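Accompanying notes for the structure given below.
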Amino acid sequence: MSNEITSLITETPEEGYQLAVQLSRKAISTILPDPESRKKMYPDYIGDARNLTHASEVVAIHFHTISQANDFWKNK
Amino acid sequence: MSNEITSLITETPEEGYQLAVQLSRKAISTILPDPESRKKMYPDYIGDARNLTHASEVVAIHFHTISQANDFWKNK
Amino acid sequence: MSNEITSLITETPEEGYQLAVQLSRKAISTILPDPESRKKMYPDYIGDARNLTHASEVVAIHFHTISQANDFWKNK
Amino acid sequence: MSNEITSLITETPEEGYQLAVQLSRKAISTILPDPESRKKMYPDYIGDARNLTHASEVVAIHFHTISQANDFWKNK
Amino acid sequence: MSNEITSLITETPEEGYQLAVQLSRKAISTILPDPESRKKMYPDYIGDARNLTHASEVVAIHFHTISQANDFWKNK
Amino acid sequence: MSNEITSLITETPEEGYQLAVQLSRKAISTILPDPESRKKMYPDYIGDARNLTHASEVVAIHFHTISQANDFWKNK
């Protein structure tokens, strides 16, 4: 399953951010596993400014976790 | 009770994420213990993009806790 | 007063989670001390999927605090 | 000014929780300094289940900060 | 520019709290730089109990950061 | 791609705050990559007090991460 998390360690902050986006989406597909249902909801998801801001918050929380896991990439 | 948390330690980040999902659901069944009431609310729960984003946030907070508990699986 | 917090230390993660639920309810009874007012609001509280998700988030934040206090029950 | 924070250190978790409630209210009186305006808004504030849940979240965040400041009252 | 952050270190928790309020406002003026637009939105901002609670949450998050930066003012 | 994060380390808290704003916007452009769609949503985004407060929260979370990465700029 390509959606599986194998590690929180990334080479760069940019890759860490992309992983954070992936982790935030993973919850949606876990709660709503049917792809058709997700497709139907998609316009509501991206067409609502408040929802997008909230989605950005979820990314921020995961990015915090991933940043800690990588000691903030201080040694890179 | 199968819903009981016995440990925050998991073998992999993937199992940690699944535990985070379980912890986020546990609050709902604690606050609303009647399965019939939860079943009736289920369409509202999964049919609302904003609510799904918020549910993803709850998973993110628990995943942070579990990641810290496992020292971010650095030694795995 | 039975609602008073005497310690954040618990024997198990499960007890820690139950304490997190108690701490999240404590704010409601502190802000709205009249039991009759709380009883009247109760259907709104549990009958709204978005509110339940938010309540689950409050539990997640307290559970993080309690997990840290107990060093994630690593030695249990 | 009685509303001033002089310390985050408290004797007990219960006092820490009460301080968290106080800190969450302090932002409201800082943003809305006029007592008459706050009084008019009060029914909206306490009469809305979603708002109460959100207020409980603010308390949870401050309680986390205060718990860290007191090393979770481990030595008490 | 008077709005610039020069340091997270403050003498007292009270000053730390005031800095947290300032940091939470700074995002608004960064996103909405036109003072006229902010003035027009102001009644919506302070006239909505839910928004005030959310604003209090933003202050709580910044206050956590500032409290950590100052080692919770333990040595003061 | 100018939007790429190369480091969380900044010279000053002010630069750290500006990076936090950039990280909060980055999620929006990742989720909604089409610039035309973002332009159409922009009035909703900045014209809603609740959304602005939420956006300020996202900045606060990223600023916390960046502040930790920079050890709160204590040595500057």
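Some observations on this one:
Letters A, B, C, D, E and F name the chains as they come in the text, with residue numbers starting at 1 for each one.
Methods note: a residue touches a chain if its C-beta (ideal position, glycine included) is under 8 Å from a C-beta of that chain, and two chains touch if they have at least 3 such contacts.
Source: prediction; values computed, not measured.
Taking the CA centroid of chain A as reference, the farthest chain centroid is that of D.
Least-squares overlay of CA atoms from chain D onto chain E yields a rotation of 60° to the nearest 5. Averaging C-alpha coordinates per chain places the centre of chain A 15 Å away from that of chain F. Centres computed as Cα averages put chain B at a distance of 27 Å from chain D. Among the residues of chain A, those touching two or more other chains are numbered 50, 54-55, 57, 61, 64, 68. Contacts between chains close into a ring here, every chain touching precisely two others. The touching residues of chain C, counted against chain D in their complex, run 4-9, 23-28, 30-32, 37, 41, 44-45, 48, 50-51, 54-55, 57-58, 61-62, 64-65, 68-69. Of all residues in chain A, those touching chain F in their complex are 12-14, 17-18, 21, 46-47, 49-50, 52-57, 59-61, 63-64, 67-68, 72-74.
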